[in-house]
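The same chain A turns up in both complexes below, where it pairs with chain B and then with chain C.
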Partner chain A sequence: MRLYFKYLNIHLKSQMQYRASFWLMSVGQFFIPFMVFGGLYLMFDRFGQLQGWSFFEVALCFAVIHLSFSLSECFARGFDAFSSLVGRGDFDRLLVRPRSTALQVLGSKFEFTRIGRLLQSSFVLVWSLANLPAVWTFPKLLTLALMIANGVFIFTGIFILAATFCFWTIQALEVANVFTDGGREMAQYPLNIYEKWVTRFFTFIIPFGCVSYLPLMYLLDKREGSELLPMLFTLGGALFLVPCLLIWRFGVRHYRSTGS
Partner chain B sequence: MSRNKDWIRLEGIGKSFKVATRTAGLKEAAKALFVRKHTVVEALKDISFSIGEGEIVGYIGPNGAGKSTTIKIMSGILVPDGGSCSVMGYTPWKDRTDYVRHIGVVFGQRSQLWWDVPVLDSFELLRDIYKIPDAKYKQNVAMLTDMLDLEKILQMPVRQLSLGQRMRCEIAASLLHSPKLLFLDEPTIGLDAVSKLAVRNFIKTLNKEQGVTVILTTHDMSDIEALASRLLMIGKGALLYDGSLEELRGRFGTGRTVTVDYRGDSGPIDIQGATLMDWTQERAVYSFDTEQIVLADIVSRLSEKVEIVDIAVTSKDLDEMIVELYEEHQI
Partner chain C sequence: MKAYVSIWRLRFVNGMQYRAAALAGMATQLFFGFVFIMIFAAFYSGSSGGEPISLQDLITYVWLQQVFLSFIMLWFRDQELFDLITSGNIAYELCRPMGLYPHWYSKLMAQRVASAVLRCFPILFITFLLPEPYRMSAPPSWASFFLFLVTLLLGLLVIVSISMLIYISVFWTMSPIGSILMISVAGEFLAGMVIPVPLMPQWLQSIAYALPFRWTADFPFRVYSGHIPVTEAAWGIAIQLLWLAILVIAGQWLMRRALRAVVVQGG
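Let's turn to the complex of A and B:
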């Protein structure tokens, strides 16, 4: 973990060499989800509500997913940009160092410009929370924090899966974007508005439902129950990382036997 | 110098790759999306050799001969299909993280330094990656700074360094954790004469003073001449030559060229056992084989007719010998 912060530090120093580009990118990253959110706002302005969900409730869901996404894009960018690392042949370098490959890939790249997106999502989070007084209890806020953290784990897991594909085919598979960008777009709304199979897919295969929809129902008093259960649900995100890391190890083994 | 002759030992190492074949043309490219044809390329066939502790070994061969595959297997990156390999008692691909603490690797074509930050920052990150104790780290940085003359460039970002400066830093970076074995993959590629000599001198000193074993791949035969006491040559995945440079010289080195500057009037003089290459007003060039005729005979025959002013004898250089060796094995 200490090493991870050292990596973070050196990348931050590098990034600061290009200040202008950093600020421009960050501002751009601020406005991209801003547009999406604008759309959301206009839609509610027109229709009032979405299958029983109010604007601020959906905004909370939106904020959780977008916070998770921007955090994982910032801190797990190494996996997201892994195809270029393999393409340059730099993965060999990681293999001659006495540390785990996953940690080194994680440390190979950070995308600090996502701070723009992060800020925008934080605004939405604060705004929606300010209008949802029911959430202001300690267990609920803790659950909220867990939702965001585990959301990061899910996105990171998908990045890892996509990176693993690079061991077989050098071109980054656009397929993976279906799950990262697609997943983000889907999960920013409460999942019950979709068809059953979509909900199931995003609960049991890629457990976005565990970090947004299911605990959200509890946060907003749409479902009664113990306080512990929704917290446990969110851990589905961390659980998702386990098979991802196993598949990653399998990919590394494949690379080391084929060298391609 | 060599304390343990089997410090590195490879036995029957083999490795083959599947390579996708594709023919030109759009139609073929589209077909390749669905059906891939593979051919199996044997990169290494039954490679065996031993290297003793403290040796400097030059590992040579034409492009695609299997040099880097061997290096990758020995450094734990690749797992071979068969055979055994033991380095300092480790099996490289099995005990990867334990093993790589003891080796340093320099890929001449690829950087291990972080591009936008001062060299020293890269060193510090490497200190954390290798968990080098503080005292040892300081001692090593001081030593490497002194030996490689890095004083002025440690605070500069890597992107501002010249190729020669960068290479010196790369080599220093791979030695921070005091490895006992150093792999150098084309360390002098693209360097100017001064940097080349600096790098060579450093490698020599490192080997002599610290006893670091060095395995060097290069296409520059003067690297080998300056550094390596032993030569391994690989071609088409097989080991073709393993021996000292002197032996190789002995094998090919009986050919000589003699250039004679003379004064006097004479037409071309034929000498039995030597071949006349060139004859001008003041200069004659013969090539000969020391097993056929000795130099003294040529000189005495010439001095019967002309007055000899100067004589220069050259033997075949290493590059020519290597080319001949390649030809001999048809690679």
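Let's turn to the complex of A and C:
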């Protein structure tokens, strides 16, 4: 863990060397989800509601997913950029060090410019919370925090899976974007508006439903029940990470260097 | 002219090589198309009617967006051109006996066309076979279809001239990232990529109509579905031509100015 923070520190310092470019990127990163959110706002402006969900309820869903996405893009960027590590044969160096490979890859890159995205989704979170007084109880806020944390785990898990495939394909697989970017686009709306098979896939295979839709029902009093259950649901995200890490291990063992 | 055509051909063949990438791109585009349609359908299912565009037209709109994504994305960047400018290798380009503006213009266009040719037919094929709510509909008349082809082509020319302006701006800013990101995000929004232009509120529509972006995507797609009738489309073509002329002239003028002041970096 100490090593991880050391990595973090070094990367922060190095990225801060290019200050102007850093801030420009951050501002740009602020605007991308801002436009998407603007689209969401305008749709509600025209239609009023979405199958019983109000604007602020969907905004909360949007904020949770985008917060998780930007956090995992910031901290798990190493896996996202992993193909270049394999392609250049630099992964060999990580293998000879006496630390876990997952940790080292995680520490190989951080993308701090995602702070723009993070800020934007935080604004949305605060705005929607301010307009949803029903959420202001301790167990609900705790659930919300768990939702975001486990959302980070899911996105990180997908990044790891995509990276693992690089062991065999060397190149990065664009198809993974379906699950990261596509998953983000999807999960920013409550999952029940989609077709059944989509909802099922994104609840049981990739558990986005566990961090956004199911606990959200509880947060917004759409479903009665004990307070513990939705918290347990969110842990589906952490559960997803376990097989991903196992597959990663399996992939590392099958790694053949590209050499140079 | 011959030189530009052969550059176009070179780039086109080059672009056709990336078939695996195209396959992955197609899967992504189909998925996104599904998601967008489901979201719009969910919004429509709860409304009382009276939308400015029918769901059927909207589905066609979304599919066309995905099929011709490489025609309408502003953010289709060519890292090579950026590197030429920032690394100073632009000097070689200047030695060549042809105009830099048409040279780059044909390069950029070829890339887009190659990527579209690889992707559009399989996706079109699939979208016409999908089960009912998702199926793409055929244009209402031959006239609409023909006008769609014309407007799409003109839209491509317009978008390439907009992206030329972006490349030219790098001569001044040196860093391609920040400013372009914002222009392209705003431009794509105004082209109806996030939510279709007819669904925007009135004030935003008037902004979108006043700028060139919507003529590259929104306009041809609505001509296809017949949402914009044939006579109106003919006027739209005139406006597209006008924008094209303005953008190309502005681009060439700016490029001349940029090249006069260009400082070649490095040696």
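As a convention for this text, the second predicted complex is superposed on the first by the 255 of 260 C-alpha atoms of A that agree within 3 Å, B and C clash if a C-alpha of one lies under 4 Å from a C-alpha of the other, contacts with A are read in each partner's own complex, and residues count from 1 in each chain.
Simple rule for what comes next: a contact is a pair of C-beta atoms (placed from the backbone, for glycine too) under 8 Å apart; a residue touches a chain by one contact, two chains touch by 3 or more.
Only a predicted model underlies this, so the values are computations on that prediction, with no experimental measurement involved.
Colleague: Which holds for A:Pro133: it touches chain B only (first), chain C only (second), both, or neither?
Modeller: In the superposed model, A:Pro133 contacts neither chain B nor chain C.
Colleague: Quick one: classify A:Val36 as touching chain B (first), chain C (second), both or neither.
Modeller: So A:Val36 only meets chain C here.
Colleague: In this superposition, which partner touches a larger number of chain A residues, chain B or chain C?
Modeller: Looking at chain A, the partner in contact with more of its residues is C.
Colleague: Considering only the touch criterion stated at the top, classify A:Gly182 as touching first (chain B), second (chain C), both, or neither.
Modeller: second
Colleague: Let me test your reading of the model: by the given contact rule, A:Lys13 touches which partner, first (chain B), second (chain C), both or neither?
Modeller: first
Colleague: Touch test for A:Pro98: chain B only (first), chain C only (second), both, or neither?
Modeller: first
Colleague: Using the touch definition from the top, say if A:Asp90 reaches chain B (first), chain C (second), both or neither.
Modeller: The first partner, chain B, only.
Colleague: Go through chain A and flag every residue that touches chain B in one model and chain C in the other.
Modeller: none
Colleague: Note which residues of chain A are touching chain B in the complex, please.
Modeller: 2-3, 6-7, 10, 13-14, 17-18, 88-90, 92-93, 95-100, 104, 256-260
Colleague: Once bound in the complex, which stretches of chain C touch chain A?
Modeller: Spelled out, the residues of chain C in touch with chain A are 20-21, 24-25, 27-28, 31-32, 34-35, 38-39, 42-47, 51, 175, 177-179, 181-182, 185-186, 188-189, 194-195, 199-201, 204.
Colleague: So in the complex, which bits of chain B are touching chain A?
Modeller: Interface residues on the chain B side: 17-18, 69, 72, 75-79, 93, 96-98, 100-101, 103, 105, 107, 110, 112, 114-117, 121-122, 124-125, 128-131, 157.
Colleague: Which chain A residues qualify as touching chain C in the complex?
Modeller: Of all residues in chain A, those touching chain C are 20-21, 24-25, 27-28, 31-32, 35-36, 38-39, 42-43, 45-52, 171, 173-175, 177-178, 181-182, 185-186, 189, 193-195, 198.
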